[in-house]
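Okay, got some structures for you below.
Below are two complexes that have chain A in common, paired first with chain B and then with chain C.
For the complex of A and B:
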């Protein structure tokens, strides 16, 4: 009898866990950005967002890609950041851009950008950021790269599109 | 010539809007002019006007935004044809949500007509009825008839947000 109760309890626990809402913890996507060195960069990004909190939700992201412009064509720096989604609000000023209205979720992040010989600090503010069920759209994200003497370069990411899974 | 370009664009806007099936706005990554390769990140903004179920008119302006915003302007229009099927439809049915578009265009540099363009957008996802469409990797060839040269151009993504002709018109 005791065994049946235990088995039933374990099964119930397993079923309820498997029926929990799907949280999309990982993502990949593409950025189009430009910086003050007059270069356009197109990068692939990989994101991990292990939790689904409505406030101060942490994430990590790595980006790498190709750049073109003054100085020719070449690989970009590798950038790795950690950040937080400040909040999620259904009072979404960008809701009109979405077929299914999702939350507005500004984020800040900081990290390191490296060309594998030298590394600099990287900081970013993403105000125009909206969440869909399994997508993140970010428009006009501002970023800056700092070296020891101050801001080395700055730029804008026109669009970062991340598909979560 | 500059005056004629502005007048032609305004007339196109007004006349086509009057007969449009839908109207939207477009924003995205814009390239046509070879100089843009040295001017940093260039963005595109424009208006989409649906002419028929398959034809659309796009009036667009492209300009650098980083590091020197508005340092050059390329503006013009394109006529696009959806080759995968109807981009929009009536009787409450949406159009084809995965489509391909071929466009012919005339663009000015600082309001001087300069380029004739042929562009293919290999993948569009979304419909007018859904209120949004994403155009991926539009690639084209531009003929600069001022100095008789050709150039290839490619954008990464352009996003269309429709104002009329969407599901909102049915609720």
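For the complex of A and C:
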């Protein structure tokens, strides 16, 4: 499994050298997050936004990586979500974080998270989310995982950086 | 399963590395390597748009070019588009940035593209640079290409691809291309502590049309302030008898137009190729193209700039020691007081007929790792003018000796060569 992670990382480096398309429909990136189970997780994410629309711009994303903390070191759950942008505004309160002008675009998404034996519902709200044409930057994204009895755990994705191609 | 993953990964990596970063087209593309075809034939066959150029002006000193930029921006009526690799404000060019701000505030549409590497300018400009943030505040539409930022860490390798073009489009009629940036070292006089460089300004609606189409494509790919081609009026081109025939070579988003252009030069030249390069860090394909030209009896000459940056000096001189085997004639600039400033010109003159102008250095980085713009001009008159200029620079340079070649072929200089081969 570690070898696959290494190979994936090498492939990501290669993708990042590929030619820029007119529309950036696919992406990959990294997340760093912490959750209420006292674990810190670093994940690779793969994103697709097939319609590349200016309204809602639906997207799907899958994330997988490694975690550490309570329970020791190991692989994380695989999380797969679908989401939409709530709005886009060029009046961007986070514009100071960007080299070029880009929109503020909060998003919500929901999906499942699984350890391959058990699956739970996953939901997140990404308020601090800004866009370059070829990048998505997200900070302090709040998320929760639900089992049949309610919230199983919650957490904050400190940052998610997604390079689009 | 594991073997399949490794195999697929290997094939993908190989295809990406070989496909995107190979310069094989220079020595293997049948259009490029056809020695019976002229450069004009090849430019047409490769699909480079034709253009007609008139009123050519050449600038070989920073302050003269700054004065001309001031005139161009002051007289612009509708729009100004500027692309530059390194930009920073200093005493030598603050009037240009002030004027751009003032004209934008007056309502002139100004689009300004620069490379994020501007903040890491390693030339003497680093002692004199101020950021150009005021442009955006004044209403200039600014695009910083591929920002260097920790936020863009996932695209780490993509940071190698840089925006190296230097061009101006004014009101769809006046064009300028060349090697000068909008920074201290480009805009100071070469008699002072500026570098020796060139810019070429001309009238050409046909060139404007091509560059505008590419500009709109490029701008909309990276900027949220999208534009439309219909926003940019291009006047009708007058038919002038003494206009120069030219082809526009615009390389961006990895189209490798410079690979086929350089290859076309080496495989079409009949008598002579005169090269003014910067950072001549070449790979095996370029060496083969040069060698093939020499074997056909073509005199391939190059003036080696005396780069004051020590690591670049070592890398370039190591590279040149490997080029000597090709049979080309290399003329290193002497280390004299009047040549202490960097020769930054990028020009190739072929058979006293063709001249390639633009931003591209004669090296691997410009072939595949940078956005570049070039104008291939077919004009014996202009070629003669540029040959005279070349000879002025060559005057006082001695032909590379075998002793120098041996002296520069040092193992300890390989690292400098490798660094600048990629980083430029």
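The rule is short, and it goes like this: the second predicted complex is superposed on the first by the 144 of 165 C-alpha atoms of A that agree within 3 Å, B and C clash if a C-alpha of one lies under 4 Å from a C-alpha of the other, contacts with A are read in each partner's own complex, and residues count from 1 in each chain.
FYI, contacts are C-beta pairs under 8 Å (C-beta built on N, C-alpha and C of every residue); 3 or more make two chains touch, one makes a residue touch a chain.
Fair warning: this is a prediction, and the values are worked out from it, not measured in the lab.
In the superposition on chain A, A:30 makes contact with both chain B and chain C. When the two complexes are overlaid on their common chain A, residue A:135 makes contact with chain C while staying clear of chain B.
Once the two complexes are laid over each other on the shared chain, residue contacts for A:75 go to neither chain B nor chain C. When the shared chain is aligned, chain C comes close enough to touch A:102, but chain B does not. Contact with neither chain B nor chain C is seen for A:66 once the two complexes are overlaid on the shared chain. In the superposition on chain A, A:90 makes contact with chain C only, not with chain B. Once chain A of one complex is fitted onto chain A of the other, the partner contacts of A:163 are limited to chain C, with no touch recorded for chain B.
Once the two complexes are overlaid on the shared chain, A:39 sits against chain B while remaining clear of chain C. Of the two partners chain B and chain C, more chain A residues are in touch with C.
Comparing which residues of chain A touch chain B with which touch chain C, the overlap comprises 30, 97-99, 161.
Of all the residues in chain B, the ones that touch chain A in their complex are 28-29, 37-43, 64-68, 126, 130-132, 156-157, 159, 161.
By the touch rule above, chain C contacts chain A in their complex via residues 2, 5-6, 9, 12-13, 16-17, 20-21, 116, 136, 142-144, 147, 149, 151-158, 160-161, 217, 220-225, 253-255. Taken together, the chain A residues at the contact with chain C in this complex read 3-4, 7, 10-22, 28-30, 90, 97-103, 131-135, 137, 161-163. For chain A in complex with chain B, the residues that touch the partner chain are 30, 32-40, 42, 68-70, 96-99, 155-156, 158-159, 161.
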